[in-house]
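Next come two complexes, and both contain chain A; in the first it sits with chain B, in the second with chain C.
Take a look at the complex of A and B:
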């Protein structure tokens, strides 16, 4: 097992290196940071543009391989991911956004798993009863609403509530606004900010976990081994809980492990609606601003998330299902 | 052994439950379970399905009740209502009393106290009956602890090991840690039986417990089940469609049709003189493994009833040759047959049947077969259609990694030599995994084999075969699959199914239309139904369509892979007759794969026995069945259940130990050596020979070869 994991991690490191290097070359080929400077009015002198570009190691007049080796050396030796065209360092910018995205996505993911899986189990046991049908209608409704619409709807609702209460219960922009040092007030402030975007991300997630978990459990609920368990003397609910649920959780666990990768894409639309500086928005910005180093750093972080998810999915499914051997 | 079966319950058991071995013996013969006027119906889209309509029986301790019937006869639904495991949309009326307690009014929680304790169940498919994510030990423990809360850990383990040893699982202590997928099908069924008897039940219900197993494994599991019953003194309800199995197991038999018991009697009476025409038909439709074919099989005409739209009157009347107007008007009750102790039948014409002493030959029309085109032509003078010499097929076993390195080989077919001549049927028999289907597929492939040779109609199949020649061969060799449902495209009407191969031949529309009409008549279907879809036909009819499709291009050789095993007994007989007639009419040769040895004895003229990719014996059907030479063939033949209770009781059975070795192993000597009963009787030197030298096929009798160093010719 341990040997397998180590082998896997080494494999993944190689894969990640190749992927990130390719991203670097692709981004360098397609992005033109020089145009950022050349389109300024008044146009700065060419020497000063070149100096700025050289400083950020994104000068298209330097051979790509030299830029690449220089960039690689900085990343490996100094963990320095380079500068954006406006000379701001990429590393801290990405780090702060990771923190924002993690705050936003983690809470929402945990909630959507808990809510979605519980509703899935609840409705599967009551297949075709009114509870199942009603929750199915609700799920279908939320499934077809685009996140932007849901986001605006929630925001307007919150504003209406704020107006009705005459106080600011919910904030509709940003993640923090308290600047004092009282941890309790800081936490309340954070809650006031996080509630709305969390609702917007949780609902679609919960709906999809609800529908898939319901299907998985229905598949295993009628399995022969559940019948065997009942024949041994377990009641229907005991048999479902002990025998059907565990097997039906295997595919859900794999889904959850892979959802780690969604931290990286963040929630572009939700971030935009609620003006949160998360990774999703940052990714779009780097591409728009010809930020070669920024885009590469984001791609590297995305790769790490995806591969960590894949590894976690492998380990978890092997742990849950004895038929899978890791070797 | 009885001491192993002390009730392990320590708490919460009433005095009545707590039987010492002595009390068990005393209680022998008491009625433990009685079913009265049981009705079960389900709401479905097609209407109310009346699955069980008036089931009655009493079950005594130590007794075995066999419930026989075809699919949809209500036998499984009966057992599930006893267990209280029916779906919630089932409507159940009547009464089921167990040790005097009414079961039908109990809640799921109350029933769960009885399930697994008083009444236990063994299901059909052992591969899916155990939860894949729990070890055998955990599942055994659950069966014990749920009824004996507070049973100490070491006692649970001791009892689990004891139970697994009883059902014949070697290394029981270590195997407790294994997971279900690490066991073979037969072994898993033993585990299920061990769990069923864990709490010394009074009633064991076995629903088709051996249907999914190979015949040699079936014999082992039946032995285990009998032993388990003997040790617990429980009553056994044995549900099956296989009359051969039931003949050897049951004391009493209930025959079910369309949800009703239609005949009930002791096993001897049912087999010796059945009264109800359906029972007669069922018995007449089964080929016998222990006798040469004397006559055609007698299929029951028509198809099984639709439970959602039952006819008025006797549900069997539409298929019954003796039906009169009274039969179509009202349904007969199960009544005692006059002059027969303990036998009852549901038939309006019981008296006439008794008076005139009618047997199934009188009731059903035994059709006349068609004389063979090749009748009177000795085998040596017939042309060789297929000649296979030392055929070999391996599949690579790859590692799971990125590069998929080859880490071994599966020797699916190792050494197969056989020949098929015009107008004859050669059967390939063997356990699952012996390479029968792979052999057929290799022949069908028309590619040069890995090793050995395939010659079709005198034309060796090699790499250099021209495209036109290959196409020619493709038309001459056709394939019929096991499952007619999945081998016919559900979205193609029958016309298109049949026209497809003809279009490939470039026939014009007029010729195709004529040919399709001809084919439909050939397989005894109504030519007007060609615009229907396969799903609108019953299983037997679908298989007829598959046969028509295979025959459309006038093949000279048809490869049949288990063509009748998915069909009910009464339907199967009709398809077998059809295959025989077509062969006689058209002179086509069959290479027939089946695991059902009775069917093979009936239909084939020659038999080749396969074991682990090798042909171990071949010869004429009579020779191989009557005087098997190879110890494996002997065991196989002795394991086949015979639908005759008297013969079944007197039979000596060679029960093979162990299981089929893995085909990935390389075996130096005889592949059968690890399980061979003959080897155990040999001297040291002889054994060494078995272990080191692979035996070649050797002629022991005229036209009878076997691959054994020490076969004994009697």
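Take a look at the complex of A and C:
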């Protein structure tokens, strides 16, 4: 087992290195930090522009390979991810936003797993009954709604609700606004902020867990060993709970492990709609500011999340599923 | 992985829906002499037995019609600004109201719908083509080629593709921006799909006639195009249709973030972005594009589900004998 895990980690580390380097080259090819300075009024002299660009190691007049080696050396030896075009360091900027993203995504992920898996089990047991059909239509509907539309409509509804109630029940921007020291008030304030973005992230997640869990359970419900269990006298509910459900949860667990990657990608739109200063919003900023180092740092973070999820999925499926042999 | 499972999941409910709806088609055929029903006829019949699929198709055709000819009906051009009515609600002159900048929303939506549709369809077609050829090739050549290929695919999936697409598209502006966006969505959209197709090809490559062709010395590329890809035909068709939903979703997300289509060009995502800032003062700028967008994705999804049901060899959409 240990040997297997180590092998995987080494493989993933090499993958991460190649992928992040590729992102660095792509970012350098497609982003033009010089234009940030050239569009200023009055236009700064070329020498000072070059000095700033050189200082951040993003000068397009330096050969790309030299810039890359310089960047790589700083990352490996000093854990220094470089500077943005406005000379602010990238590493601390990413680190400070991780907490907001984690707060936002953790609650939503847990909720969507709980809701999605229970609806999936509920509908699988009632396959083709009206409950199954109704929930399936609802799921298809939410499956195709683009995230931006969902986010904006939730915000719109909340504002309408606030106006109707004449009070601020929900906040549609940020994650915190309370500045006192009373923990209870802090918590209420946090809830008022987190509810809406959580809804927006939870719905698509829950829908996909619902549909996949339903399929997995239906696949196992007709398996021979479940029929055997029924033949030996278990009630349908017992057979499903003790035999079918347990097997069908294995692929779901693997999916959950993979969803770690969504700490980064899942929330870009939501963070933009609700003005939450997380990684997703920072990513949009870096792209708009031609911030090569910032975009690469985010890509690296996203890559680490993906691979951590993949590694967890490898380990979990090997551990849970006796059919998988490592040797 | 999830693609496969979703297939079966929709299949079940789809077959049930359709078999209930199918009642009337068989009576007229019993009188005629026996003749073999062609595969295409069978698919078409199964598809049209399903009300939701037909509704989706009709809806999509209406939307395409609007995207093509809607500008002929409207009074305004999408580039024309009406400075007499800035951010006015729907009226006789501006059917769906105007944006804060004075653009006619109807003209903008027609234009944006066309853009979103063409980006969605083009990139979905291109994605499928690339994924089909590379996915089958990786499985067909086996050995070290397969190992290296899979490693490369996994490596490309490490960095979130959304980020890479945004990076490429960002630097393009003006009227060619939508082509860049299509290119970006294609360039990073085929990878996960190629993995799925490779898994499916692993059983196809053991087929006798594929072996026979191989030992006859047929060019590998020819085997892939003539024998392997057609075997995946149904999967490819379904995924091309459903891929449109995904591509339209990515397009609107990027444009909404201000990283995709930019003015003077417009798309449904760009309109959503505009609607966001005037959500309280001019809600129609947000609501109408959203409705069109949901109609678009929903109709394509219905068609995709219908096709999946029609093409599936285990389809239960058999109609009823009387």
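Keep this in mind: the second predicted complex is superposed on the first by the 325 of 327 C-alpha atoms of A that agree within 3 Å, B and C clash if a C-alpha of one lies under 4 Å from a C-alpha of the other, contacts with A are read in each partner's own complex, and residues count from 1 in each chain.
In the analysis below, contacts are C-beta pairs under 8 Å (C-beta built on N, C-alpha and C of every residue); 3 or more make two chains touch, one makes a residue touch a chain.
Just so it is clear, the model here is predicted, and its values are computed rather than measured.
J.: Going by the contact rule set out at the top, does A:315 touch chain B (first), chain C (second), both, or neither?
T.: neither
J.: Mind working out whether A:110 is in touch with chain B, chain C, both or neither, as first, second, both or neither?
T.: Touch partners of A:110: none, neither chain B nor chain C.
J.: Given the superposition on chain A, which partner contacts more residues in chain A: chain B or chain C?
T.: Here the partner covering more residues of chain A is C.
J.: When the two structures are overlaid on chain A, which partner does A:72 contact: first (chain B), second (chain C), both, or neither?
T.: A:72: touches no partner chain.
J.: Once the structures are superposed on A, label A:299 by its partner contacts, choosing first (chain B), second (chain C), both or neither.
T.: Second partner only.
J.: When the two structures are overlaid on chain A, which partner does A:225 contact: first (chain B), second (chain C), both, or neither?
T.: Touch status of A:225: first partner only.
J.: Under the stated contact criterion, what part of chain A meets chain C in this complex?
T.: Interface residues on chain A, with respect to chain C: 15-16, 18-20, 22-23, 26-27, 30-32, 127-128, 132-133, 136, 140-141, 143-149, 152-153, 155-156, 159, 208, 211-212, 214-216, 218-219, 251, 255, 261, 264-265, 268-269, 272-273, 283-284, 287-288, 295, 298-299, 302-303, 306-307.
J.: Report the residues of chain A in contact with chain B in the complex, numbered from low to high.
T.: 11, 223-236, 238, 242-243, 246-247, 250, 320-323, 327
J.: Under the definition above, what is the set of chain B residues touching chain A in their complex?
T.: Of all residues in chain B, those touching chain A are 83, 85, 108-109, 112-117, 120-121, 123, 125, 128-135, 142-143, 146-147, 179, 181, 192, 195-196, 400, 402.
J.: What residues of chain C sit close enough to touch chain A in their complex?
T.: Per the stated touch rule, the residues are 1-2, 5-6, 8-9, 12-13, 16, 151, 154-160, 162-164, 166-168, 170-171, 245, 248-249, 252-253, 256-259, 269, 272, 275-276, 279-280, 283, 286, 290, 293-294, 297-298, 300-301, 305.
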